[in-house]
Structure formats: C-alpha cells, structure tokens
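These notes open a run of structures that come right after.
You will see subunit A twice below: alongside subunit B first, and alongside subunit C after that.
Up next is the complex of A and B:
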C-alpha cells in the first residue's frame, strides 16, 4: 500500500516537473521579460512591464529604465515626472538628472538654460554646458564668441562640427531676394543665375529676349496685332522672371536654414545628446 | 479489513494525482489567454503576451503559433515589416507542409499589400514549382490574381481568376481593364492636337490645346508666307513646338491620371464591398 501511494505521489512530479510551477507574472519573470523588451528597443511594452512591478521590486535601475524608455518614446514630460522616483542616494541619480536636462532640451532647447546653475557633478556639468551652448544655435539673435561656444567640446571632431555650425549660423550663405529681383529687372534671368539656378536663368533670358525681339520685329514690320501679342507674352515672361528670381532667393534661404537645422539635429542624434553609454543589455 | 483512514488517505492521493496530472500547463494557459486576446482583436496586448510566451518558452513548443499569430496581429495593425519578420520566423519554425504553406501565403499577401508584387509573384512561382503544393494550385492562382491586381495588370488578373472559376473577381477585373485608357494611344492620338485629350474625356483641355496650336501654327506659317524666316523659325521652334509637344505629354498624363482613378475606385470596392478572401 505504501509503495502504491509513493508511486501515485510521484506521477505528477514526473509528468510535469516544471510547467505547473512556472509563473509568468512573478515580479522576477516580469523583470526578465521587461529587460528583454527594453534591449529589443520595444520601449512602450518595456515601460508597461516595468511599471507593473515598480512598486513591488523598488529598484532604481527599473525606475531609471522607465525614465529612459519614456524619453526614447518622445514623452519627455512623463519621463521627467519619473525623476522623483530616483532617490538622491541612487547610483543613477547623476544619469537621471542629466536625462532630465536632455528631456528639457528636446522639449524646448531654450528652456534648458533655466537649469544652468542646478548643482550637478562635474562630468554632468560639462555635458550640460555642451547642450546649453548648442541651444544658442536655436536663437534668432546669435552673437556669441566662437571660443565660448567651442569651450566645452574637447573632442577634435566635435569641435570641427560645432565650428562649422557656428560659421553657418553667424555667416549663413543667404542670397538677397531684393538683389535677385533687381538683377532680373536689369538683365532677365540674371537674378536666377545669382541664386545658382543657371539653367532657369538662361531660359528666362532667352525667352524674354525672344519675345522682346519678336515684338520689336513685328512692330517694325507694321504687324501690330502680332506685335502686341508678343509684347503681352514678353511682358508676362519678364514679370514672371522677376517674381521667380525673388522666390528662388527665398527658397534658397529657406534651404540654407533647413540644412542648418538638419545638420544640428544630425549632430545631436549622432552624439545622442551627449548621454553616457549605458550598459544595460550586455 | 482496510481501515477508513487508509481509504481516506488513498482517496486524497488519487484526487491530488488527478488534479495535478490533468491541470493545464501554464504555457498552454498563457497561449490560450494570448490567443483569446488576439481573437478579441486586442492586438497590442496580444503581441506583448506572445512575446512573453516566446521569451520563456525555451522548448520552442509555441514558436510557430506565436510567430504566426504575431505576424497576423502586426498585419492588422498595419505594421507590415514586423508582420513579415514574424511570418518568416514562423515559416522556419513550421512543422508541417500546411503550416509552411500558410506562412508563405501570408508573406505573399504582405508583399501584395506593400505593392512589392514582384516579390509576391516570385514567391508564388516558387510555390507553383514545389511538387508538395500541387493540390493547392487553385489557392496559389487565387493569390496570383490578387498580385496582378495590385501590380495594375487587370487583364492578367481577369484571366487568372477565370481559370479558377472566381467569376465575380474575373468580371470585375475584366471591366476595370475595359475602362482603362491606353496612355500610348492617347499620346499617338495627340499627333492631331487635342485628340488625345478628347479620348480621355478632357474636352476643355483638348479645346485649349487646339487653340494654342492653331494660334502658333498660324503665326509660324504666316511668317513663312510673308518671308519673315527668322520670325517663322523662332515662333515655330520655340512656341509652336513647345505647345505641340506639351499637348502630347498632357494627353499621356491625363490617361495615367484617369487610370489611377479607375483602379483606386476598383480597389476601394474590393476593400469595402468584396466579401471573399482579401490580402
């Protein structure tokens, strides 16, 4: 009888040794799964999982990862609200403080400057200064000394990039729309050539010249109807050439601004907003 | 004589054995829970739970099902690249030729939806050439027809659907094909200014085109008649020719635009009103 009972008792253990005891939703397993999602870059799901165990495991790494995930999702305000969950004694405090500043910068670059005297450890102060100096590039009025802007950047490649951005900001290669208009008034097409649109400029010159010639030639031959048709078309092309030159200069300037902002964004993305490299996934 | 206590203890043990032996495996439980989320069209949560199951399922028992259903969830969420990734993994994990076939068909459907129809057609060809799927030739042809629809080959789509007795789709594709304008014909008709525009039903544009060509043609010919050669050459080469070639390009453009409208309207009908299988 005893043997029979012992055998019966062992059956379930043999049949399913692990499965019956596995809990998908134990805090430890949720954490493991969330870490995997975080490393996959699935921040939205990772943050949901972390939040479900945030109050159970009370782990600074989890709190920082939540803050980091929200920042990567572009939810900067919510990310910054998570800062309170990271105590001053935590080893992530410095990183969290800096991430807070990065979030402020990404919300509004100029808004970061309010935090210029926030007490921070030296390595973070240097990163913050880099961001503050970069934030000046977003101002309409820009009259800073180049050495001042470059001062927090020690890496040679970074210095070269920031120096290039500084030059583009202080002396953008704009074209004057007024000058383009005047040039095209005097010599049709020359305004477009000034902006660099040589093909359009030559076409404008030829077309306006052609109609002017046709109008003149027909007036000379006493074909007044045809002459007036050509005069009208010529005048239309002439006015269009002036308007087109002014517009071309404005478009050129907008392109210069766009390329500057794009370059700035590319630089910040490449530098990851000067965030340190976190080793969460190795 | 067996005592009552012994009988009671035996009963308890047998009950325990029964309960633990037949209790649902937590992995199976998780899979069923996730599948339910999927069936309720709660795709975001379904994907989370499928990912959870895949992460902990070291034996890969649910790898095919999870990846296949994740693929479908992503597809319904419009995330075609993610869907393709999971269907491809499911294809590798498939245990039977039917499972493999289903994955391939889903991959084909995604390629049809993404309009990478050349990939869809290449995959369809590979299924056709595979002797394992000889008995699935109708289904393969059905999706070939859809691939032709999405690559704007309506005539071939109609032929393909006719071969498998899909009359509704065959008639629709045939009627779309009949309604389509031939851009090449529109271009060649425009040798007579305005004719291409008339062919595409753009009468006002056709009349304007005729007007411009008559005006510049008249001025050019008139200049030559009056021996004003320079006038004639300049007006003829720079103005008449410009409006004449513009008239040809314009007619071709109209035909292409009209075709786009016709095909979009057919696709909208298929999306909203057709009840059969759709990609």
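Up next is the complex of A and C:
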C-alpha cells in the first residue's frame, strides 16, 4: 500500500510541470513578453511580438512602441509609416509627430528644415527648433550667430555643450600641415611635437641627429664610405620626418573633425534627440 | 513480484523525466585551443607587374620576407607590417612618395611610447594603414585609439 501511495505521489509531481493547460500564447502574455523585450532594448524581437497582437488588442501604446522600436532600429521610413496607425485623439499623437521629425532628422539632418512650419503643440515646437538649430552644425558653410543657435536651449548644461560645439565648429583647433613641415625642416621632429606627437617628434630628432653626427664624425675621420652610408640613412630619415610631420598635421585635423562629429552624436544620444521621457518600463 | 514491478516502474519514470533535464552536453568539459593564432599577414610573393622598378621593389621585399621576416617571426607591432606598408604605400602613390611614407613609418616604429596613439586590430597590433599618409585629406580615416579594428 505504501509503495502504491508513493507511486501515486510521484506521478503527479513528474507530470505536473509538463502540463500544457497554461496558454502562453495569449495576447496578454505576448504583450507582457514584448514589453519585457522592449524594456531590455531588444527592439527587433519586441516589434515582431507587438505586431502579432497589434490587430487583436488595438492599443495606441502598442502602436507608438512599434514606431519607437523601428526608429531605434534605424528603420526610419518604416517608423514614419507607422504614424498613420496612431489616431489624432491618442495621447501619443503629439509624441508620434515629434518622433516623425526625429526620424527625418536622423535620415538627413538638413531634411528636417522642410518641416519648420508644420503645425505642432508649443512644447514640441521648442524641441523641433532645438533639432533644427543642431542640424546647422552638419552644414559645410556655417555662419550663424551664437545667440541664435543657443536660443531654444534653456537648460544650463545643454547651453554649455552647444556653446562648446559652436566654438569647435566656428573655430576648430586645426594645425597647419605647412607649418608642421617647415618646423620639421628647421628642427627635425619639431613639426610632430607641434601637432602633439611628442614621442614621435623626439624619436625623429634623436635618430636624424644620431645619423647626422655619425656622418659628420666619419667625414672628419676620413672614413668616406661609412660617412656616405650614414649621410644616406640620415637624409632618408630627415626627408621622412618632414613628410611625416605634414601627414601628422592632417591626421590631427581629421581627429578634430572626428571629435566634433562624435561629440555632436553623443550629445544627441544623451538627450535622446529631445524626445519626451516615456515611462514604459517602470 | 509486485513490489519489484512497482520499483521498476518508478525507476523507469524517474529516469525518463530526469533524462530531459540532463544538460551535461552543455556544461561538460570544453576543449580550448591555446595555440597562438598565426598573425603574420598572408604573404604575396608573386610578381604582378612587368615594370622594372616594381620588379626590383618586389624582389627586395620578397627577399626580406623570406630570409628575415618569416624566420624572425611576428614581431612588428604594426598592422600592416612595415614591409607590407611599403608595398601598400608605393601602390597607392608612387615609389618616391611611398619611400617617404616608409621612412616616416620606420621613425614612428622606433618610438617606444606609442601605446595610446593607434587603434588595435584583433591581434593586438597597432592599426596604421598607408591610406592615412597619402597627404590626401579625403582619404584619412581617423579612428580613436580605443577603437578595435575587426575588419581591416
């Protein structure tokens, strides 16, 4: 009897976890799973799950999340196509309209300016103006007044960052390749030191100086073969150091451009393109 | 007899249910190779040009690769290595400018404190392509030293 009881006790324990009575694929459960994916930043799979229940639940939040997810995936055109699924009465309509503009900006910053007179609520107009002013930083020709660029930014930290970007754009700290070349012609390695490559500059000075000294010393001692070999090596390094200084100045300037565009991108990422804060995950 | 039958069935059930939960394949001992990957760039010894200058240049580089570099091992801290940089530099510009670029590379290679100046490639070498030194601003592709170059 005891053995029979033990068997009867064991069987339900084993069978119970394998039960399929729970409906994992109900729309509510799919939504919960999609919400979790969305909050984890797995937008690709979240959007797939949301789309599978979009027509069943008919929820504005889901429609906006689909638009938001596509935007974060870099699929701006598809994201903007989702705007139609958000009705004018929805509380997300305003945010969706702004997200539409952000997508346009991310596609092509200059393309946003076409929408400068699109009718929008006042708080969104201010955000749009911030983006439009930032879009001017992407132009090759930039001659705007600093106060005009800073005007939509009220937050002090934002103003400081945009002011710094403005200064970098209007007066980038470029180094002159010609000056670097001339400096290295006069004193080997000084052109590299001028662009901040101190290690390379000192190495150039020492190596060129060493071979120049060896050549001079051997000429002085009448070892002309050795003297000419050292002269050749010295001249090889001397010419290379002038060329390298010019190239180093160009690379320095490329670094300035890179740091400007990277700083701009970091600022926009940090501000999340001035999108309103959504509390979807708490 | 009956008790043996019950024990048999209990054992069968336990084994069947427990079997699904075995993850020994996933967690078992893994065999990792500790061999150092072959970081030496694939050598191209062929003479592809009929030009006399190209022939002399390639002969010198091939001789250096065969008699010195391949015997010495993977010691150049840069990627591409200095000899490959010379080949790339002359192909991208001309023999005169390529030689100047090569001279500059040797000077930079002699600098013992270059740790923070270059991005690293997947093998830990300093990534320093010839295209950055052609004096053509458009061709410079600046990468910060914190960047890891995966696809050269």
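Just so it is clear, the second predicted complex is superposed on the first by the 248 of 282 C-alpha atoms of A that agree within 3 Å, B and C clash if a C-alpha of one lies under 4 Å from a C-alpha of the other, contacts with A are read in each partner's own complex, and residues count from 1 in each chain.
Keep in mind that, in the parts below, a contact is a pair of C-beta atoms (placed from the backbone, for glycine too) under 8 Å apart; a residue touches a chain by one contact, two chains touch by 3 or more.
Owing to the predicted nature of the structure, the values given are computational and were not obtained by experimental measurement.
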Q: Figure out whether A:48 sits in contact with subunit B (first) or subunit C (second), or with both, or with neither.
A: first
Q: May I ask you to decide whether A:199 touches subunit B, subunit C, both, or neither, giving the answer as first, second, both or neither?
A: second
Q | Which of subunit B and subunit C A:22 touches, first, second, both or neither | A | first
Q) A:239 contacts which: subunit B (first), subunit C (second), both, neither? A) second
Q: Go through the superposed model and pick first if A:254 touches only subunit B, second if only subunit C, both, or neither.
A: second
Q.
If we overlay the two complexes on their shared chain A, which of subunit B and subunit C does A:37 touch? Say first, second, both or neither.
A. first
Q: Using the superposition described at the top, list the residues of subunit A that contact subunit B and also contact subunit C.
A: 4, 11, 207
Q | Interfacial residue positions of subunit A with respect to subunit B in the complex | A | 1, 4-5, 8-9, 11-12, 15-16, 19-20, 22-24, 29, 32-33, 36-37, 42, 45, 48-49, 207, 210, 213-214, 217-218, 221, 226, 229
**Q.** Of all residues in subunit A, those that touch subunit C in their complex
**A.** 3-4, 6-7, 10-11, 14, 177, 197, 199-200, 202-204, 207, 236-237, 239-241, 243-244, 246-247, 250-251, 253-255, 257-258
Q: Under the touch definition given earlier, write down the residues of subunit C that touch subunit A in their complex.
A: 3, 6-7, 9-10, 13-14, 17, 97, 99-104, 106-108, 110-114, 117, 132-133, 135, 137, 140-142, 144
Q.
Please output the residues of subunit B touching subunit A within their complex, sorted ascending.
A. 6, 9-10, 13-14, 16-17, 20-21, 23, 25-27, 30, 47-48, 51-53, 55-56, 219, 228, 230-231, 234-235, 238
